[in-house]
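Each of the next two complexes has subunit A plus one other chain: subunit B in the first, subunit C in the second.
Moving on to the complex of A and B:
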């Protein structure tokens, strides 16, 4: 009898734990939880509109779908993958890193490096050694620029005008 | 009848522009001043002609002439008059007329200037302006006619055509569809004209650049002539972009101002090259360097102006296939290609004449730092351009459309923008010609200490520890302190030397070198804007919830309480759902606000108008997302807390002021003595050849 009591108690506790676990999945995910995923997706219908702010009825339904999936325990990545499978890669805020899409990520840094190289070569080709007595410097003794050359030119032009 | 008049005048304007091109080229080739003068007058005549056409269209918009397709599409009887006027740029064909109108105004303005010293430029400035104008007016005449009327055929179909098809009778709908509700906002009323003004004014420096290339006069004269045009163009474009951001913030209901949408980027790209050009021309003026680079930048800017209009007008962003089907898409594409190829060919032809007159003497000189600045602008351009066109390439190659969204742009451009802002502070301290670490260090150390103290205050007082935010704040504090230090130091020196009070010294100092100090003001405005951007990008928080009457949503110390909801119809055909909320902070009542959702019956479109509690510290931005018919069931609100965002708009105001200071006319120093001899050799002296 005593042994049966312990078995019933153990089964009861297990059942309670199981139901608690099941119960823990039941609460409806909040709007914030839904929007946190929705803002990583774009409306499959409208042009360039994030799903969390799209005002169409269809998007409201998709947000409810996200809520359902979250309630079922899906992760954000799984939901994003689901939407991409259903509606195409355009629902993702960035192209998936595969195939031709790699070009999105590779081309700009490559072109920037080319730009840096061109700039470096351009400066190299335009450079010449400068002596410390160089007359090129139009700075004042504090090391800052003053528009001396402009004013100098202005004075020359004014003089030329007067002499005309 | 009125529509026929407007269309007819447009055709005459188109013919005038074509004539101006022909007579300018002929006059240049034959050395005939009369033909060149004739082209100039023809060019000038386009403005009153297109004005007549545009005013005719506006009259038809205001007087509800719904037998005209365009009027039916963009207006309705319930719209106020001012919106009916601005509907001119609310639709495709009207906006093209507006583009042409502004182009003719600017072309006329530039041809009204004194040409005594630059007469050789005139025919080619006329040609470039007229080609651009003829293209846009041609689009209107041949593809997107806003004067086309409705006709009902025998079969009962309603079609649009300029002239009556066989056996068709005129058709007039009782009311129009009305302007897209999203466009009924003061920001949107001003935003397109500002962008168009920016676009059109950049055509002027491009026209002079082409004139310089054709005539071989590749000194910096064309840059000096167009300096103010460029600043004005840049200011218009900047204001247009910021107004677009403000419109998005107020109307689109997503709590942000910039979504890296391709349409936004289309307007941003010419701004990038235009800003690089504004800086780069200074190197040519001061040091006679980078002549070819300035040409490249202005050619790129012009191409991007047309490309931006093409992107937004051709339907290519919806789909490459829509572009192919659109009437104006291929025409735009060909125009961009042809003008770019001709410009590039001219540049290559004159390449040898565009050699630098000086040499780069230091990697820390101002010209070297400006070059780095240019590299950064062009890098951002590359990211933007590639991000916009890649979805089209993907659709063409794989048939699958992809989205290149904000995460890509933020990651790619964030470090570039931060470096630019830092460089914006440092570069003005470097001297033209030659600068060393020592001279730069001497100039920078004081403001740098101030910046570090400010940064430490932010970290320890405001408790901000996020690394990116710290970097961002360091960059803007450094740039701001250097700029303010430059103002203060120069004013102090003048105050001592001239024995003036400090404010007067500052005023006169800025007055004596408006371009320099106007530029500093613009730099300061960029710092303000960067502060706003950091605030919203790094510290924005949001929450959404459904609450019953009397309940509250809490966010960052604020409490938003739902008080009431009213749903009613308005006289202008809207159904309005208007909530009443109160906002409190730490128990202190801050005010009552009214987020609402308008539903426009005519266009069957909703529009979200947020309630915004706004201070320089932050915005509380509340959107009415949804509501239950029975009040007590509750309403759903989305609340954003946007710190510092108003610095963005304040920065824009300062930018306008700085641009005005920089562009304000000085007493121009004419090179009259030096030019006298040359003018005798110029072909286009009135009466010289005829």
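Moving on to the complex of A and C:
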């Protein structure tokens, strides 16, 4: 029994020493690691300034806060969530995908598609009148090309000759 | 002329030029409704951003503020504006990184100590976009004893539409804005002037 106690004590002391050593060796996050997170955030005070390039004292404080959180083992997502809770979602470089924020993700691609469609229609309408007015051919309801009657062409040519 | 135009038109039975296919009505309705909705949202956003500062006499919406550890008011660590009905509320927005805030910090604390025994005036500090260790250092440095808490998510500052720090809002006994100071108070006497008129009412 006594022997077991000494073994447990020795193991406990070794574990404590090892933990302390490991804690002492925890590296301080580098500036690059801090900036990697900071560039995903915006300064809550300045207008449109990413946190990694912001030069104010407040931003320096926030970068230090990121360093502290990283040293504590927080992930980038946890830090971003913390910043959003503390300072509002406006500090996030990418707005969270919820509520009206969805408009930011939906509206631009939709407008792009509408633009492409309008451009497509415009190009189509620029081409169509040339082909239909010249009377060379046309499209039937099934979408197949139909040769324009020779009679009609002859008439047009006659009219043109008359005008000359 | 008339003859010409009739002779140029194709005969009955000959192929007609293809009719322009129009966009289906339901697509048109969706597009216009979407556009209208988007414009409405933009209009609301613009209106909100151009509202400017609060005006004296505005009734303030209720808000709550959680205090930093160690601060309490009426035994509570979180308060609502509605809790202070019948009292004058001095709400000061500040931040540890704000140099002009330091200028008035001592005046604010001194004024609070002056009005505290009377029980008619309440001082509350809202820490605007700050880091907690530095905020605590600031409170300790200026020995600030009135309750202070972080403005989480900038909700309170957005309600007051603040443009920076420091800003101080004095709310009368009926919950209406009675006074605002954009920037630091120049002296403690200025704080007294703003409050005394409300207490005498």
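Keep this in mind: the second predicted complex is superposed on the first by the 106 of 164 C-alpha atoms of A that agree within 3 Å, B and C clash if a C-alpha of one lies under 4 Å from a C-alpha of the other, contacts with A are read in each partner's own complex, and residues count from 1 in each chain.
The rule is simple: a contact is a pair of C-beta atoms (placed from the backbone, for glycine too) under 8 Å apart; a residue touches a chain by one contact, two chains touch by 3 or more.
These numbers come from a predicted model, not from an experiment.
Chemist: Could you say whether A:62 touches subunit B, subunit C, both of them, or neither, answering first, second, both or neither?
Modeler: A:62 contacts subunit C only, not subunit B.
Chemist: Looking at A:88 after the superposition, I want to know if it touches subunit B, subunit C, both of them or none. Which is it: first, second, both, neither?
Modeler: Both partners, subunit B and subunit C.
Chemist: Should A:103 be classified as contacting the first partner (subunit B), the second (subunit C), both, or neither?
Modeler: In the superposition, A:103 contacts both subunit B and subunit C.
Chemist: Taking the superposition on A as described, I'd like to know which of subunit B and subunit C A:44 touches: first, second, both or neither.
Modeler: The second partner, subunit C, only.
Chemist: Which one hits more subunit A residues, subunit B or subunit C?
Modeler: Per-residue touch count on subunit A favours B.
Chemist: Could you give the residue numbers on subunit A that contact subunit B in one complex and subunit C in the other?
Modeler: Dual-contact residues (subunit A): 88-90, 100, 103, 107, 128, 138-139, 149.
Chemist: Please name which positions on subunit A make contact with subunit B in the complex.
Modeler: Touching subunit B from subunit A are residues 30-32, 35, 42, 47-48, 50, 52-53, 55, 88-96, 99-101, 103-104, 107-108, 111-112, 115-116, 119, 122-123, 126-128, 130, 134, 136-139, 142-145, 147, 149, 153-154, 157-158, 160-161, 163-164.
Chemist: Could you list, by residue number, the parts of subunit C that touch subunit A in their complex?
Modeler: It comes out as residues 4, 7-8, 10-11, 14-18, 20, 31, 34, 38, 41, 95-97, 129-131, 134, 150, 152-155, 158.
Chemist: Touching residues of subunit A toward subunit C in the complex: what are they?
Modeler: 44-45, 56-58, 61-62, 64-65, 84-90, 100, 103, 107, 110, 114, 125, 128, 132-133, 135, 138-140, 146, 148-149, 151-152, 155-156, 159
Chemist: Under the touch definition given earlier, write down the residues of subunit B that touch subunit A in their complex.
Modeler: Per the touch definition, subunit B meets subunit A at residues 252-254, 259, 261-262, 286, 289, 317-318, 356, 359-363, 366, 368, 371-372, 375, 378-379, 382-383, 386-387, 390-391, 393-394, 397-398, 400-408, 412, 428-435, 438-440, 442-443, 486, 489, 513, 516, 542-546, 606, 608, 636, 638, 669-674.
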